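Notes for the one structure printed next.
Chain naming follows the written order as A, B, C, D, E, F, G, H, I, J, K and L, and within any one chain the residues start at number 1.
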């Protein structure tokens, strides 16, 4: 991206969920968001949460991210 | 919702306005957002503001919320 | 806008980029957002960043704003 | 209010107290502030707190708001 | 409470849930917390969230509060 | 101002509005605040917002600042 | 103060300066604010800063506090 | 959990420590907290820190989380 | 404490009150918390407030801290 | 900059001062920081403040920014 | 480190980049910072961001941390 | 310092440790920072923490401050 030229980006907030880990939950959100939005450029992690199962194990990670993409 | 399965949610920021009270303004925003978005799952209150009329009465409550829904 | 009547607004986060200055980057984002969204009512500046060129000059301002518009 | 004309507003922080509820505490603060300040235009809720009586009931709501009015 | 004397308070974070409204969710949390803790003195609202039912109605309010009580 | 001597300042929150730009809105607020308050010493920008006209142009900048002045 | 009765408080932001220490700067601000405002009820520390002299010693503490008083 | 029924949750802040990674530190905190508290429902990450050994390697991750559980 | 070994800490929020000063209010909270909790490791100051007497003197400092201790 | 390759950046906080405007104060800080640091990549605005002269005019803008540069 | 003895630490903000994951990006920043600074003691994660490639995969994690070291 | 002239300041984050009190920990950090940096102008307190000894006494105060100095 050449700097100094007028461009516009939009940021959208999505939540990815995965039992595998934090990086997997991020990728999960990016993959799904990519389907309905234009090509994504970057993400920012807003919050990391998760669910705890009856056995006391973390059963899933819920990662709230913002994804940004260029408005053509 | 079964935990541990990959899911993705999206959050959208809306503002509901009502003269009746804070809960009514929240419901107002949820009802209108439901029309153009998919089925909503939950909301989070971001900010509560309002307008004051010439008679010194709160004439409306403006509640900024985030609503979340699952991306299918 | 008559106060006290139920209305709903939506806020969307966009990033304007301009080499001319902060106000120009805001206008850049508003102009582009206006094309795909309904008539915009107001904006709020979230963050001001920028790129620095090899010559040590600020080569562009990147202004992250939220724009709001009424949901009809 | 016609947009684009120079205007100035001032914001003042007040705390309303009421045993009836959050909306009543807001109105309580607005009514009292109106007496010593010029005509108020809007409010923003900063914080909601309250006192708990010996019987375990919320005996009063304390709502900290900012009220704004135009400086003529 | 006479000011100027050494006292110690403890704050605990609880979440009250009610379908009736925000004030009811606060009271719900206070009532339940009162059972296992000592006499409560005050509360502070941290966050207001809620669930949205299939019919698009707010089906419950979830209010996160901190409650404080004196350590004897 | 000689350091180390007891002094007291007060901060007041004002909002300046101008269609010309952010610096003009700051000066607008300072000029008006100066009329009713004592000589001002400094300002701090709290928030930058604005209105968007029907033609998609930023029709005014609204800058919320705190101004400080010495209490004699 | 009997709980449950409608009351209104106002908060004002002042800065106390003292070379003696943080507590002295707080008292300095409270004493001066008391002169022009009604009887003060409580204070909240917002920020602690200070000036460093040529000899590398802290030459004064600047404590920004909010003071609250009841609006009669 | 059926929505709309009165429930109360409590949140407790714990810090898990592990040399293996962030997810392991979270699980470490959850496992230990589970022993003294009731069945946990979810967690929220507050802060991620860590210690750096003499060899310049991250020797442990310290993750501050809040865990929530229902008050029966 | 040897780094790299699994450990868990818990943080609890307490408020110390003292008329003598900020450090004394911190110590007051630590001393009382120590009685009912396990051996404390560290504290973090969250907020400093206080009461102002009829004579315009700070009659007590209220310091909200978090104290942390190891869960054995 | 090719994505995916290990790189490290450092951020430094500087304050630029200019009587001309906010953009000029940013450039002022960047120019001076460039002299003692390596080639700068980007900046982020942290805070905008300023001094008010005896004539009630903003006599200078003080802009606190973070500048980032790659550690080679 | 024996507690109670005068010591001074400095904190520096660095950004590590790695395609492998969050922990690898942290270690990357620590390793590079260690070369130019004195022996590091601990780190604190400030922000987690990343780049998304054309194939919709997270192509790198960018982790902003603060590292602290003792000033001898 | 004459206002209105271009100047640049840098802020650095340091942590002072002292068993005597908060003011002493601030001075400790300033004195040590002064040795390696240019003449310091002011400080801002970011955070106050401390260690608790086996006897339940605060054994040291750890004060994180930012110190600022002019870049010549």
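Operating definition for what follows: a residue touches a chain if its C-beta (ideal position, glycine included) is under 8 Å from a C-beta of that chain, and two chains touch if they have at least 3 such contacts.
Source: prediction; values computed, not measured.
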item: Chains touching both chain B and chain E, listed by label; value: D
item: Identity of the chain that, by mean CA position, is farthest from chain A; value: G
item: Interchain centroid distance [CA atoms averaged], chain I/chain K, Å; value: 30
item: Separation of mean Cα positions, chain L and chain B [Å, integer]; value: 44
item: Where chain J touches two or more other chains, by residue; value: 12, 22, 51
item: Chain-chain contacts as defined at top; value: A-B, A-C, A-H, A-K, B-C, B-D, B-E, C-F, C-J, D-E, D-F, D-G, E-H, E-I, F-G, F-J, G-I, G-L, H-I, H-K, I-L, J-K, J-L, K-L
item: Contacting residues of chain I [partner chain G, same complex]; value: 21-22, 47-52, 54, 56-58, 61
item: Residue ranges of chain D touching chain B (in the complex, touch as defined); value: 22-23, 26-27, 30-31, 34, 39-45, 67
item: For the chain G and chain F complex, residues of the former touching the latter; value: 12-19, 28-29, 32-33, 36, 51, 53, 59-60, 64
item: Parts of chain K lying in touch with chain L, wherever the complex brings them together; value: 3-12, 66, 68, 71
